[in-house]
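Take a look at the structures listed below.
Here chain A shows up in two complexes: once beside chain B, once beside chain C.
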Partner chain A sequence: MSIEVRGIGKHFGNFTALDNVSLDFPTGELVALLGPSGCGKTTLLRIIAGLETAESGSVLFHGEDATEREARERKVGFVFQHYALFRHMTVFENIAFGLRVKPRRERPGEKGIRDKVTSLLKLVQLDWLAERYPSQLSGGQRQRIALARALAVEPKVLLLDEPFGALDAKVRKELRRWLRRLHDEIHVTSIFVTHDQEEALEVADRVVLMNQGRVEQIGTPEEVYEHPATPFVYGFLGSVNLFHGRAHDGVMHFGNLALDAPEHGGAENALAVAYTRPHEIEVGRFAPGDPGILARLKRALIVGPSARLELEREDGAGMIEAEIPSELHRRLALREGDTLLVRPRRTKVFLNAA
Partner chain B sequence: MSFALRTRHSVLPGFGLALGFTVLYLSLIVLIPLSAAFIRTAGMSWEAFWRTVTAPRVLASFELSFGAAFIAALINAFFGLIVAWVLVRYRFAGKKLIDALVDLPFALPTAVAGIALTAVYSSKGWIGQYLEPNGVKVAFTPLGVVVALTFIGLPFVVRTVQPVLADLGRELEEAASVLGATRRQTFVRVILPAILPALITGFALAFARGVGEYGSVIFIAGNMPMKSEIAPLLIVTKLEQYDYAGATAIAVVMLVASFLLLFALNLLQWWARRRGGQDS
Partner chain C sequence: MSATFALPMAEYRFPVRRRASGESALVKWSLIGTALAFLALFLFVPLAAVFHEALCKGLDAYIAALAEPDALASIKLTFFVAALAVPANLVFGVAAAWAIARFEFRGKSLLLTLIDLPFSVSPVISGLIYVLIFGAQGWIGPWLQSHDIKIIFALPGIALATVFVTFPFVARELIPLMQEQGSEEEEAAIVLGASGWQTFRRVTLPNIKWGLLYGVILCNARALGEFGAVSVVSGHIRGQTNTMPLHVEILYNEYQFAASFAVASVLALLALVTLALKSYVEWRVRHETSDPVTVGPQE
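Here is the complex of A and B:
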């Protein structure tokens, strides 16, 4: 089932949580709502679920207006960050809950419930835990049970609110791969909220980047990472170096460097910032006449195949972070305190907002 | 390495000292005074004891004391839950004031409460003047005893249920409603089982308080033998007649009965907690 939201607005007091947000979630996709805390992503998810009401705009399920429907009539599956399992019920009863509260004519018989719960427990690979209580499970197990419980009512939409936020790093990685595989198996339209860019890029078919109640960019993980549409997206999706300079006639100047910026062909001596990721920076020994920025190596951190360099610009304009192959680091025989020449290999230029 | 050696290095220090203090303290404050009642009673012969505690007037007072306390605790469990619910769930003007009002029955001298209640419910009182023509007599009847005990017991239920309810969190209810549960189903299947242990504790405290209550009841009860005379009053009456053995005999029966009932309630609570999976 597809979901659309049209012109959603929501305030909490003076704070604008959502500012006229419109989005499409096509059938069968796994979409990540990504952004810093307070960007409105969770509020949007809760409005789609019917747990929160929007001040303006509408929510459409499969083209039908569902704005006025109560949460329990929307037939969505919702997974909470802190699991929200019923403590006084066994794992089995937790999963069976959605079936047991159905009106009598829709409710499956005891055997139907047992079969359904057993198959869901197999799906989340925890069938040996049926008689345990939630307090006897680990965090990762609890979240899988919460997911099975949400799936028991066969929702047409699955909404996950920071589902791995309360788990430790290793379990989080395992679970997100598992979620991806599960989605490929059952293909239910899913939206999950996260503030972890790695998680969003790894798991989702598409990523929606949000900031301050607005959508900044929508695209596949590759698109948003390789071609960030705004400075915010660039900064949020990973570490970044900023070079301040001026753009004139399609060329960006800073230091003794000139970079092509054809998208700003009309700019006339405008203040601009060039964004470059650490791995897009070239580092070399200083040679007279070579273009580049002079920087002193403050610290080198070698982790596996790559070396992270912290460089301080000689002109006092701050630090540069570069990532080069360890092998190159060894070949250049770099030492802390060396003066090096730094050059961005690839940049994205944004004009300063006036 | 032996197990005994390892347990000596517990992370929680002072187990021996703390337990010793606990036993000593309970002995001084609770057990020794209580055992005095048993020792006093032991001076009576078994027949005399039996005759004293099965006298019709004594039996009637037991029935009233335990019965009224039970009914009052039930009423408090129901309405106290509603008060706690309102105080936890909603934000409104004057909430702090109502929150403070709940504790008033704790602080008020019980005699004052009794006199006030009698004034309100007597045939000329604010409420009594409307009830009496309709055939409902409160003051100087067993009903009056229930009213007084309800007043006294209210804070126990509110104060035990309130923190548990506050701790419950909205997420559980949201989860239930997204799964398709109606409000009623959410309450019966999700909220009630979670707060049941606290509710039972509150009920037990209100009940225990009601059984032992003296000051507020004697004013409103009218104290008619066989009808509206509570057991604690009977004890005082016997003391005034220098019948110490008779008084302690009644006290012993009340003690044993109270202990058994509270023990049963504790078992019930333990069962509810276990069922709630909150044990581990």
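Here is the complex of A and C:
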């Protein structure tokens, strides 16, 4: 089932949680809502679930307006950040809950419930935990039970609020791969909220980047990482170096460098910032007359195949982070304290808003 | 070698042991002794005195004092009033705690203050308020009289005063509990398709049941023992509007000490039962909230 939100707005007191947000979630996709805390992503998820009401705009399920539908009639599966398992029920009863509260006409018999719960426990690979209580499970196990409970009512949509936020790094990695495989198996339209860019890029079919109640960019993980649409997206998805300068007639000038920026052909001597990822920076020995920015190597950290360099600009404009192959690091025989020339190989130029 | 080793070890150990207990044995035992002596003087001795006085004329006199019609009527009335007040405050307490813990609304802190009012106002004043409203010279007293409705110096007045005095107990017990538990489990139930009633019965109630029972026990104890507020509104009509605490006072004022203490001993016994129940519930709460064996890493 597809989901569509149109012109959603929501305030909490003076704080704008969502500002006229419109999005499409096509059937069967796994979409990540990614952004820093307070960007409105969880509020949007709760509005889709019906746990929160929007002040303006509408929510459509499969093209039908569901804005006025109550949470319990929306037939969505919701997985909470802190699991929200019923603490006084066994794992079995937790999963069976959604079936037991159905109206008598739709409720399956005791055997039907047992079969369904057993198959879900097998799906999440925890069938040996049926008689345990939530307090006896690890965080990762609780989260998988929460997922099984949400799937018991066969929802057309699965909503996950920071599903791995409360887990330690190793379990988190395992569980997100598992979630991806599970989604490929059951293919239910899913939206998950996260503030972890790595998680979003690894798991999702598409990523929606949000900031301050607005959508910054929508795209596949590759698109948003390789072609960030806004400075915010650039900064949020991994580390980035900023070079301040001026753009004029489609060329950006900073230091003794001139970079092509054809998208700003109309700019006249406008203040601009060039964004460059660490691995898109070239580093070379200083030679008089060569173009580049002078920087002193403060620290080099070699991790496996790549070397991470921290460089301090000689003109006092701050630090530059570069990532080069370890092999090149060895070949150049770099020492801490060396003066080097730094050149961005690829940049994206944004004009200053002011 | 061993000799050179022993000396610094002994020197090292002493301050560590001192710090572990915090205070010297003298301070510790004098504190414990003071507390025990205080308890003995102000709690155990009076309690023992009640039973001693009640039984000093023999078991027959004790039973006769309790079987006397006015005494029986007061015992019955006390339980009847508690049976009215406790369920009323149970419903009110759950409703108020739910409203305060789950929703944001204007006047929430005012409601919290009002719930505490019976704790801060002297019970005699509480009783007097009802006399001023419903009494013969009160605001709506003449209207009540012309319609032949009796509230003051009758059962309704006693019940009202008791409800007023006991209403903070359940709400006060549940509010912090429900705030701590949060509403995620209820939201989970709703998203899974449960109705409001199903959510309350299957999720909310099981989570608060021990806190609720604890509040009910305290509420019940106070309802049975209330003196001040009830005294003002009851009128002390023997066999009709006398509750147990009032009956104790009347007998005592008439120098019927043995009979007075006999009725008092019933109240004391009820208090002991309450204490036992309260300890049991506390034990259960500790037992249920402390997690059993935990498997694997926690968040």
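Assume the second predicted complex is superposed on the first by the 354 of 354 C-alpha atoms of A that agree within 3 Å, B and C clash if a C-alpha of one lies under 4 Å from a C-alpha of the other, contacts with A are read in each partner's own complex, and residues count from 1 in each chain.
The criterion applied here is as follows: contacts are C-beta pairs under 8 Å (C-beta built on N, C-alpha and C of every residue); 3 or more make two chains touch, one makes a residue touch a chain.
As the structure is a prediction and not an experimental result, all values here were calculated from the model.
Superposition note: with chain A as the common reference, chain B and chain C are in steric clash. Once chain A of one complex is fitted onto chain A of the other, the partner contacts of A:L51 extend to both chain B and chain C.
Applying the stated contact rule after C-alpha superposition, one finds that A:V76 touches each of chain B and chain C.
After overlaying the two complexes on the shared chain, residue contacts for A:G98 are found with chain B and with chain C alike. In the superposition on chain A, contact of A:L137 is made with chain C only, not with chain B.
In the superposed model, A:A166 makes contact with chain C only, not with chain B. Of the two partner chains, chain B and chain C are each touched by A:H88. In the superposition on the C-alpha atoms of chain A, the part of chain A touched by chain B in one complex and by chain C in the other spans residues 49-51, 71-72, 74-78, 80, 82, 84-88, 97-98, 101-102, 133, 135-136, 149-150, 152-153. Per the touch definition, chain A reaches chain B in the complex via residues 49-51, 70-72, 74-78, 80, 82, 84-90, 97-98, 100-102, 133-136, 149-150, 152-153.
Listed in rising order, the residues of chain A touching chain C in the complex are 49-51, 71-78, 80, 82, 84-88, 97-98, 101-102, 132-133, 135-141, 149-150, 152-153, 166-168, 171. Those residues of chain B that touch chain A in the shared complex are 169, 171-172, 174-182, 185, 189-190, 193-194, 275-278, 280. Across the complex, chain A is touched by residues 184-185, 187-195, 198, 202-203, 206-207, 291-299 of chain C.
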